[in-house]
Each structure stands twice: as C-alpha cells, then as structure tokens.
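Structure incoming, see below.
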Amino acid sequence: MTQQTAAAVVEMTGISVEFPPVKALDGVDFRLRPGEIHALMGENGAGKSTLIKALTGIHSPTAGTIVVDGVERRFTGPADARAHGVSTVYQEVNLCENLTVAENIMLGAEPRLLGGLHWSAMRRQAASHLERMGLNIDPASSLGSHSLAVQQLVAICRATVGDCKVLILDEPTSSLDTDEVAHLFTVMRTLRDEGVAILFVSHFLDQIYEVSDRMTVLRNGGLVGEYVTADLPAAELVQHMIGRSMEVLEAAEEVLEHTERPADATPLLQVVGLGRKGSVQPFDLELYEGEVVGLAGLLGSGRTELARLLTGADRADVGETRVAGAPARLRTPRAAMSHGIAYTSEDRKGEGVVDGLTVRENIVLALQARRGWIRPLPRKQVDDLVASYIKQLGIRPANPEALLRNLSGGNQQKVLLARWLATAPQLLVLDEPTRGIDVGAKAEIQKLVADLAAEGMSVVFISAELEEVLRISHRIAVMRDRRKVAEIDGGGATMDQVVDLIAGGGAK
Amino acid sequence: MATSAPVRASRSLKIPTRLDRRYLPVVGTFVVLALMLIVGGTRYENFLTPAVVSNLFINNAHLIVLAVGMTFVILTGGIDLSVGSVLALSTVVTAALLQAGLPPAVVIPLAVGAGTVIGLAHGVMVHYFQVQPFVATLAGMFFARGLCFLIAPESIAINNASFGELASWVQIFGGWRMSSGVLIALVVVGLGFLVLHFTRFGRTVYAIGGGEQSALLMGLPVARTKVLAYVVSGTCAGLGGLLFAMYSRSGYSLTGVAMELDAIAAVVIGGTLLTGGTGFVLGSVLGVLVLGLIQTIITFEGTLSSWWTKIVIGVLLLIFVALQRILTLRRT
Amino acid sequence: SDAGGEPAGGGETTGGGADDGVITLGFSQVGAESGWRAANTKSIQDTLTEENGFELKFSDAQQKQENQIQAIRSYITQGVDVIAFSPVVETGWDPVLQEAKAAGIPVILTDRAVDSSDETLYESFIGSDFVKEGEMAGEWVAEQYDGEGYKAVELQGTTGAAPAIDRKEGFESAIEGTDVEIIDSQTGNFTRAEGKTVMEGFLNKHDDIDLVFAHNDDMGLGAIEAIEAAGMVPGEDIKIVTIDAVKDGMQALADGKINYIVECNPLLGPDLADIAKKVIAGEEVEKRIVVQDEAFDQAAAKEALPTREY
Amino acid sequence: MTNILRHYLFWPVAALVALLVANTIARPSFLAISIRDGHLFGAPIDILRTTAPLLLVALGMTLVIATRGIDLSVGAVVAVSGAVALSHIASSPNPESPVTVLTAIGLALALCLVLGVWNGFLVSVLGIQPIIATLILMTAGRGVAMLITGGMITTINSAPFKVLGSGFWLGLPVAAIIAFGVFAVVAFVVRRTALGMLLEATGINPAASRLSGVRSKTLTWTVYTASGLFAGLAGLLISADTMAADANNAGVFIELDAILAVVIGGTALSGGKFNLSGTLVGALVIATLERTVTVLGISPLVTPLFMALVVIAVTLLQSPRMRERLTAATRRPVATTPPEPQPAARPDSTEVKA
C-alpha cells in the first residue's frame, strides 16, 4: 500500500522496546522520507513517544535497526541526534524555565563573539525565529514567565534552529489554539517544501488530515500499517487506531442535554468583581448546578488565570465569592475543596502529576488530603475506587502500582482527572482536561462531563479546542486580553460567532 | 481555520520597568551588607575604614574562591561538601612539597591539580554513577582529609623564599591594601562571571539547574557540563588552598573544618537557590563579605564570650537572611 | 553587646602607649572546646579586669586559624596596647605577627607555641610543656608497673593537634625500655563520648588491657564508663592515667577510679597580666615561661580536691 | 535473584554483613554475646546502644528529607537537650529523685520541640531555604547550650537518669529500647496513616500537592518539629551515656552521620519516596563502621580514608547505574535508559508558585 517515492531519511526496522514487564514497542517498522509530513497515530500508550525516544537515543531498543541517511546509527542521546540533523520537540515542554526565551531557542547553536556568547546577536536571531512562528514576545524575558502554550511554541522554534533534516514534533498542538496551530502548519509546510522530513504526532484528526501526507498507525506497541493520508477515511483510521469501530465517537455527538434552569435558582458559585492585579480584570460569573460553562479565548487571554481565581489556586485581590448563596473566602485550593470545588491544572507536569508516586497514590491524593492524614482511606475502598477509575477512563497500563512517571502522557492526564473525580466535587473546573488524550478517550471524557452535569455537578470547561467547548457547554464565557468580554448561550452559538468575539468583535 | 496574526499584537510582553526579579536577592544582600557596614561604622570607631574593608577581602580571599566554585555546583542543583577538606589538602600539599625543596612553579600546579582531580572524581561519581552529590562529596571530604593526615599529621611551616615573596606581595593605595591573594580571588570571580554568562558551558550549567531532564532533551551536553562543574569546584578548592597557604604560610591538616558550610552559606546568602538554576557569582562574593563582616563585627564588639559569639553569629545570619527575604518578597 | 557599644573613648585607639594607665589587651582564644579551655578563658577574663588596670578585648576563634588571624589584624587596626593569643596551630603566624611588630604592638603567646624562625615576633610564651606532660605520665607508669608486662591502650587527642602529638611522643619516650607495651591507640577527639565508644571497642577487641593512657581527663572519664559497663573496676582491673586535672578528673582520682593525673594548668591569667604589664613598662621578660604543672596520685588528689579552683 | 539485587535494602544490608564479617575475622568472638551483671553484654549489644541516638536523629532527618528539606541543626539541638537536662539535675537539691529527672527530661524535650518549631517556622512560613534556616540554629544552638552550661562540662550523678544511657531492661540497653521503640511507633504511624504519602507528595511536587489540597506547609512544619524533638531525645541518651553535658562536642557531626544513614538507606536527598527501614539499616551500618575502625585497629591517621572508601563502595554499589548493570548482567538485555533521564527523582519544575 505504500509507494516508493524517495529514499527514506529515517528507516527503523523491527524496533522493540521493553520496560519490563511492559513491551512498549514490538517489532515496529517506520519510515520517514524527506519532504513529507508524516503523522504517527495511535491511542494513548500505543508507543508513539517511545518510538520517537528510541530514534533519538533516549531509550535503547532491544531489537531492530535504525538507519539515518543511509547509515545505521544508535544515537547516544538528543545531543547526538541533533548533531546528525534530527531535532525533536518532545511531548512535555522540555525547556528551562529559568533561562531566557532567547537562550532556550539558541543554546547549542548560539552565535559567538570572541569565543563567548554574542548576546545581542542571540536575541536578534531568536526574535526572528519567534517571528516566523508568529510569536511576539521579548526574547530576553525568562521562559517561566510565559504560559505553557507559549513555551510550547518556543520549543518548536528551538527545534527549527540550525540545519535539521528531520523534525519530530510529539503532540506540539495539544495546548495551542487554532490560530497558533495555523501558524505552526505554515511553518511545517515551508520546511517540508525545503525538503525536511517531519514526524508529527497529534490526537486531532482534523489536523492530521489538514497537514499530513502520510501516516503510520500503532496499536498496543505494534505496527498496524502505513497509509497515504488522502487514501484513508477518518472512520477507517479510527478503526485502525482503537481496533473498534467509530461508534464511540458518534456517541459523543449528542451528549449535550439542555435542561431548563429554574429562574430563581441560587448559583452554586457566584463571584462578583473578582480580579487580581496583573492577572485578570475583575469579572462576574455565576455557575449553576448541572451546568457546563465553557471558557473560550485565545492563548493567553486569561482563561487559566480566571480558573485559578475561582478555585483558590491564586488569591484574588478584589471581589466577592459566594458559595451556595453564602459568602465564602477561597484563599487556598484547600479552602475551595472544602466547598466542593476542584481544579485540574493545565500544567500537567508542573502542577498536576506527582510523578514519583504510583497511579493509586495519585488518584487518591486529593481525596486523602481532604480527609486529613490521620484517617487513611481503607485499603479496600481505595483499591475499588482506583480499579473503577482505571476501568472507566481506560488508564493503561491498568496497574495501580505503576509509577506515574512511567505512564504515557495521555494516561497521566486520565489519572489526574480521576484524582478530581474521586473527590466527587460539586463544581469541577477543568483546565485543558483533554490535552493529549486520544480520540476514543476524549469522547469518553466529554461524555463523562455531560453525565456528571446531568447528575447535578457544575463544570467549568477550558479547552484550546473551540469546537469541543462549543459542543459540550451550556454557556460560554469569552475571554479577551485578560478580561471577560461576553457570555453567550452554548446551545445557539455558532463557531463563527465565538471566533468573532474572541478576536475582538469581528476585527476582520 | 487560518485566521492570522494581527489579533495577537496586544499580547507582547510589557517591557520590564522594574529590576529583573532574578537580581532581587543579590540586590537584597547588597543592601543589607551596606546597611550593616553603616550600622557598624556608627557603632564602632575605626570600623568604616579602608583598612577594615581591605582586611575583609584579604581575610576571605580563599573563601571567595571556594564560593565561586561552589556556585557552579549549586547552580547545577548539586552540592560540594568536600571543599573544606580539599582546601586543607592543597595547603598541606603545598607546604609539604615546598618543605621537600620543590620550587613553587612545580608545587602550585600540583596543589591546585589535586583539587581538580578530586573534583573530577566527584563529577564522575555524580554523573556516571548517579551517586547523590551530597554523598559523593561527603566521601570526597573524608578522603581528602584522610590524605591530609597521611601527608602531614603535624602542621608544616612554609619557609620557601620565593613563595613567601609571592604571598606577601601587597599593593597599597592610600589606606587600601590589596594582597596577591585578593588579586587572584578577584580574577577568579571575573573568570567565573565570564564563564557563567558568556559561554555555552556556563549557560548549560544554568540549564541543568533549571531541569536536568529538559537540558538533556534540549540536546545540551549535560554529562560534560555536570562533570566540569565539579571539576571547577574542585579546582577552586585547590586554588583556595593555595591562597590559604599564602595567607597562613603553613599547611595544616585540620584547616578548613566545616569551611564547606561557610562556602555554601555564602552562596545561598548571595541569592543562589540550592535547587539550582538561579544565582550569580557576584552574589556569592557578597555572601562571603556578609560572613566576613559578621566575624569583623564580633571582633570589634570585643566583649563576647565564646557562647555569645556563636549566638550572635546565628542572630546576625538570621537578620541577613530575613531582611533579604523581606526585600525580595515585597517586590514580587 | 553593651559595653562595646559606646564609641571607645580616650587614648585606647592609638597603639603603643598606655598613657592613661589602662592597658588595652586584645586576646584571641582558640575556642571553647573543652572544660579546660573554659577554665583558661575564665582565668584570663577574671584577671584582666579594670581593677587590675586592663581593658580586655576578647574574641573566640571557634578553632579556626583564619578567624584568629583576622582577629589579630582587627586588634592591630583597633590599635590595642598588647595582643595575646593561644594559637590554633603552631605554624603560619609570621605575616600577621610581622604586621603587629610593624605597628609596634607587642605579642604574648599563651598555652600553645608558635613555630617561627623569628623569635623577635613575640615577647613571651606562657604555657605548659605538652611533651613534658606526656613524659611525666609515662615516667610514673614506668616506675609503678615496669616488669609486670602491662598492656596499655592509648586514647589520643584530636588527630593532628599539638597536645595530642606531643603527649603521645612524651609518653612513648618515657616508657621506652620498659616492658609496658602500647597495644592499641585510637583517637577519642578529647571528648568523653568518643573516649567511651573507643574504649568499648578496645574492650571488645582485647581481653587483656591493663592500662589506659588518655590524653585528657574527659576521655579518661569516658573510658571509666566503658570499663564499668563491661563489668570491670576502673583503677583496679584496668589502671587509668590521664592529663589535665580538671575537677571531674580529680574527683575520679580521689574516688580511686583514676590512678594518676598530670596537671595541665589552665590558670594562665595572672602570668599573662604580669607579663603584659612588664612588656608595656618596657621591662625585659623571659621568652619562655613554663607553667608549673603538678601531678597527682590518689592520695594527693584527696588532699588537693577541697581547695581546687577548677 | 534479580529481585533481591534490585531491592533498595540489598546493598546496605550487604554492607552491614560485610562489616560484621570483617570484625569477626579480626576478632572471632566479635559476635559473641554473654551475660554480665544480669544483662546481655558484647559488641552487638554495644552497637545497638550506640546506634540509638543516631537512629533517632536519622528518623527525624528522613522525614525532613522526604519533604525535600534538610536539618543541619540536629547536632546543636542534641547539645541543648543535654545541657538543659543536666543543668536542671545538677542544680536541683535532689538529683537522685525520679521527679527531678522527669522534670529535667520534660524541660529538655519541650525546649527542643520549640527549637524544631522555630526551624519549621523559618522554612515553611518565611520560606527560607532549609539548609540556611537550620544553619542558623546549628550555629546559635551550640551557643545556647554553652550559655546554659557556662562553657563547662556539666557532670551529674543521678541513678535514674543514668538508666537512660547505661541501664538495661529485659537484658537489653534502655537507650536502644527507647530509640527502636520510638522508631517503630513513628514508622507505624507514618505508614499506617496517610502521613507518609502526603509527605512524599509534598516532597516530589509541592505545587501539585498544594493544588490537591495537601497542607504542605503544616506538614513541613511538623517534620521539622519532629526532627527537633527526636534530636532532643537523642541528646538525652547521649548525655546520659557519659552523664555529662558537653555543649561543645555533644552531637558534633551527627547531622552528617544522620544524612549518610538516610542516604545509605536508599532515600534520595531530593525528597519524595523515603524508606524508614533503610534508615534503620543505614544507622546500624554507621555505628558498626565506627566500631570496626577500633576493632580493626585502623590508625587514626587513615580512619577518614577508610570511612571514605567504605562510603564510596556502598554508594557506588547501590547507585542506580550499578544496579542496572548488575540486573542487566543477570538477565537478557532490556531497554536501558541512559543515566540522564533517570534523575526524575528530581522533578524538573520545582518552584512552588505561591
């Protein structure tokens, strides 16, 4: 089914990688040609990241050969791979927050002056790389001061510096909004036309179809096949990926259930004039039982910061908060939790996972913290709880004692979701909960959210994927420039309407 | 799908009008140091004189060098507990070899090189065997001290004429004095600064402290850099030993007991985070001066019993750290 | 932190003279590592008082040579009349003593000597002779137990410290030629706790220890604890000889748990005051003043105990 | 086989066994235990007793390290504890009375608790880096202890107090019974409640723990307080051992020994997962090592070298790299991760954004 167009720049044959007892990859073949964008597809834990890491020398395969540019190689690590023209953006943002943006982009290929770093040239060059990505930030600012999405873009900038023959992007778009994605694709296409071979991982099928030329599908560490994108209908692709038919996806289509809210209902959470200097302008918001409120906005528009103020993760300077009609002070996440408010951070690595603990411990962490240390949850109850979430969310490997750090990105995300669901909150604030989650699981999660709302839970849903927000929300609050600019009914809203609001009232 | 750039125009980061947050701790230390000097000046006669300030540097030249090396290691997120012992080893080697009649031109590289070798061993243990830095360098600390005893259980005086000349070289400007030790220390500080800020090695040191995993995935030479950081620290300890030998004109195996704590304290007071990734050599120099100033104040006070000396050192340390903390907090 | 608070008045700021009759003396102590040292400090502080015509500037070097050098430098800049100190180490004092000499400030050493080729750098050295102390202990042992094939263990002071080196040397030279044999020697760092642990180890290791020579009383007292715990009688089953004669040691000696103590007199204050006055007055002083050290056996201890000052 | 080799306790236990074997070769009756004066006697019993204070200090240190901290002040707290207790007994008219002794113990422990609270305050409330926060007390604490004893070594005679150091109960040293007892209780509490997990979460990712509602500050504060208290108890055992309070030398370098014990026991200084049983073995290794130096008759001049070599050997053998090699040698090759990515023991984003 594959046609031989050009000699492959990367040719991996029979690759196996083991993390006893898990067999993460089992005899996988993979071929990447110059001048193509090649999508690597598969469910969470299918082995995509592992394949990439096997290529760049982070994991050494137990079997198989890797040929790069006609020479058989085993890279000793990313530095080595980079030196041979293979640049990679790994799944989690792997940059140094304490360094400046310019350093993060240029280190390793830095301009020199008299043997030392040439700072001003470095900033200049960094700025031009940023510009190409459509990013307008100060190269001298420290990376940590930027949101995750910006960091992700910076990571991509870094990968495109220097002469790379192969560019690997492991879920680069999971935290980007449409705008940024469009930019990224422009850059990718330019590079492709220059002859660079691009490996691209994403769980967004529309993106795959938009940008890729060819795809390889993995399932459970095994190779399913290599296809030309144009020849493979989405339904079939999904079937290849999950080994089942498309029905799961369709189930999610009609999740939204509109129940009329009584006019005199007390909001579960009501905030008036809540704001914080330098973060979000004062805003009002009411959240009712059984309702999903979506937050829409561009990257950096302040959705995350709004969510953090709602849930005590950041302390508000001004404004009032009422929980079920009674004034409440949510100064810490713990205080919010005691009012039944839960928050999942978008920053999975920094503020979510406790990667040295097991899946079980991560799932019960919040619940246990709320009970206090003195009263441990009975072991039986813990095991049941954990087992049920592993099943419900399809966490893999289904081993409660696995260390979280050994789970694939998407599975870590599911564990975090389980942590908060386990506390049975009244209000659940989900910041990018579907980031990096595969199509099947994403549908499951959307369905879950809808079900929870139907059972009376109030949910705030933030996602970079506007479509998802539209589909799932009863009401949508639109953010722009750290300000809440509009609130619209989710049922009637159309994509264009929201995009207009986001972009500033139809600027174009 | 493809809406484009203009909407993003408003999102460019605002130009920082205030001081970069990263410099706050250093500035904090500087302010507190200045305050302390002023308070001391009004409290004690002859305190705020060029002689006292010069002595502050002369007495602490070796510690400055140690702190510079320690800064490298701490910036990578590690720690080097061996510097006190390595300093002693270097002084003992210097004294013993000079006594044996070798010329300084041979002795000096050997003494400094002893530190380099131990630093290399630390780096290899820490990086390639993944021994925790604390333990690897603790073992190094015992090891170097043990070598000291083997080489010379008793203290050895240095009578070598040319070494003495080198050691006693002093430049005087008005009331200010600058010894050869201070000059070397300042050169080391300058080099440390240049290396950290103007070489890839230096920036990689910061990158490793910011996240070793990330630095690695960024394709930076983590292994080499980490090992080199310990080599720098070991070399600085060796050089510090040489300075101490010049300062005390002798080699003694019990020199520098617990001096590693002084070096670490200086680095941390100077605003470097022990978790790595943030800090400056110049901050560490200020940290050393703070510790030196505490000693000076104690001597000027002149009435403190042994125990009050300890308590006052603790209290002054607390005041420094707390003030620095407050200065830093209020700005953020 | 009160007395030094007021700006120092009058003539004390210029070096050399003591026109107002008050001698400003800067004293740099090693540290406060032992009871002996505390007694030494107390003696100095109690003697160099205002009534006796002194203004004492005291600093504690916390066992660090660099602190001591900086203290001496500081005394020079402060312009004291006399500098006295107990050096942490023997070597390495020439430069700073030269500075003192250049500033015209006389220096007196107490307790420990300095190793310097230039004797003019200091006026006088007051203190015990550590080698002599070791010899006295050894001589007594030789006298009492020679011919009985005694097996001795030694509890050394801090490795590398002058008293430890000298006392060991003195003891060894004194028992040379006798049949007293040192079968084991280990450092107890001059502390009671380590003295006890090391002695326990010796008792685990050897069945036939007859005598303990400890470089100070504290380690000897620790050894007593270990011996008692092993079900033996200190002073009888195992003989104990120590150096220092601090109060606890003397008490143990009087109680029969120690057999012999060589004194190392910490009361250097009066001698120091005396020498300082002479030096200021321009009188000739002796370069080496050896403090009178006594030695006590059990009977002598019972007698001396009631009147001991420390 | 492989599983045993991989176990975190394997190398520390192997080190302990090796030391015991070395001692037994040097002194065949080393392990012999006899009965003297109605209690057990012999080198192993001595080792148990000398381990006691170190074990207590290392216990507190383990908890502190789990939260990514360190407590350098334990040695000073040991000194303060002894100084307070013995000064009280020495100044009381009736040093032999159990009431006096109990009051002295109570006073000492109360003060040490306060010192622990102080450390906890500096670290968790003021946010001062642990190493510096505790360095303050490390310096000043000894001064306080000397202030209490007036710089002299305070010696007492008090039979009830002496029991703490040299007494025996059921043939075993009281000191060991106390330390091992406290250890067992704490280990039980930590592992049977959720405390252990919450401490680990705090140590691994403070930011995530805060968002999960873990009271990280309170926990941090608690472990420093506990560390102070245990160090105080250790101080009582140490001073009762020689019946003397030596403000200057009691507990000197015990912080290093304790940290070493923790590390030998397989707990990473970068915080997170901790092994109390490892700490126990680590403390025994160190106490045995000290005894070994005497039994093997190693000259004081080479003692530090000997210690260095043992520490290097143990830590190298149990380093992740070495373990990997050994397991790789005993089974067919598997995917190995190069040394770098592993330090995930140190999560990359470390700062709590307050």
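Per-chain numbering from 1; labels A, B, C and D assigned in written order.
Methods note: a contact is a pair of C-beta atoms (placed from the backbone, for glycine too) under 8 Å apart; a residue touches a chain by one contact, two chains touch by 3 or more.
For clarity, every value in this text was computed on a predicted model and none was experimentally measured.
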Which of A-D and B-C has more C-beta pairs touching across its chains
B-C
Would you identify the chain whose Cα-based centre sits farthest away from the centre of chain B?
A
Find the geometric centre of each of chain A and chain D from their Cα atoms only, then give the gap between the two centres in Å, rounded to an integer.
43
Just curious, how far off is chain C from chain B if you go by their C-alpha centres, in Å?
34
Geometric centre distance via CA averages, chain C-chain A, whole Å
71
Taking the mean of the CA coordinates per chain, how far is chain C from chain D in Å?
34
On chain B, where are the residues touching two or more other chains?
149, 153, 210-211, 213-214, 216, 222, 305-310, 312
Multi-chain contact sites of chain D, meaning residues that touch two or more partners:
146, 151, 300-301, 303, 340-341, 344, 348-349
Chain A touches at least 2 other chains through residues 58, 77, 94, 97
Between which chains does touch occur?
A-B, A-D, B-C, B-D, C-D
So in the complex, the part of chain B that touches chain A is made up of which residues?
1-13, 15-16, 22, 194, 197-200, 203-204, 206-207, 209-211, 213-222, 277-278
So, in the complex, the side of chain A touching chain D is made of residues 17-20, 24, 57-62, 76-77, 94, 97, 313, 332-334, 337, 343, 345, 347, 349-357, 361, 365-366, 368-377, 405, 419
In the complex, go through chain D and note every residue touching chain B.
72, 126-129, 131-133, 135-147, 151, 247, 256, 259-260, 263, 268-270, 300-309, 311-312, 315-316, 319-322, 339-344, 346, 348-351
Given the complex with chain C, which residues does chain B contribute to the contact?
43-46, 49, 51-52, 55, 58-59, 62, 95, 148-149, 153-159, 167-168, 244, 247-255, 257, 292, 295-296, 298-310, 312
Touching residues on chain C, where the partner in the complex is chain D:
31-35, 37-39, 41-42, 156, 159, 184-187, 189-194, 196-198, 200-202, 204-205, 218, 221-222, 225, 228-231, 248
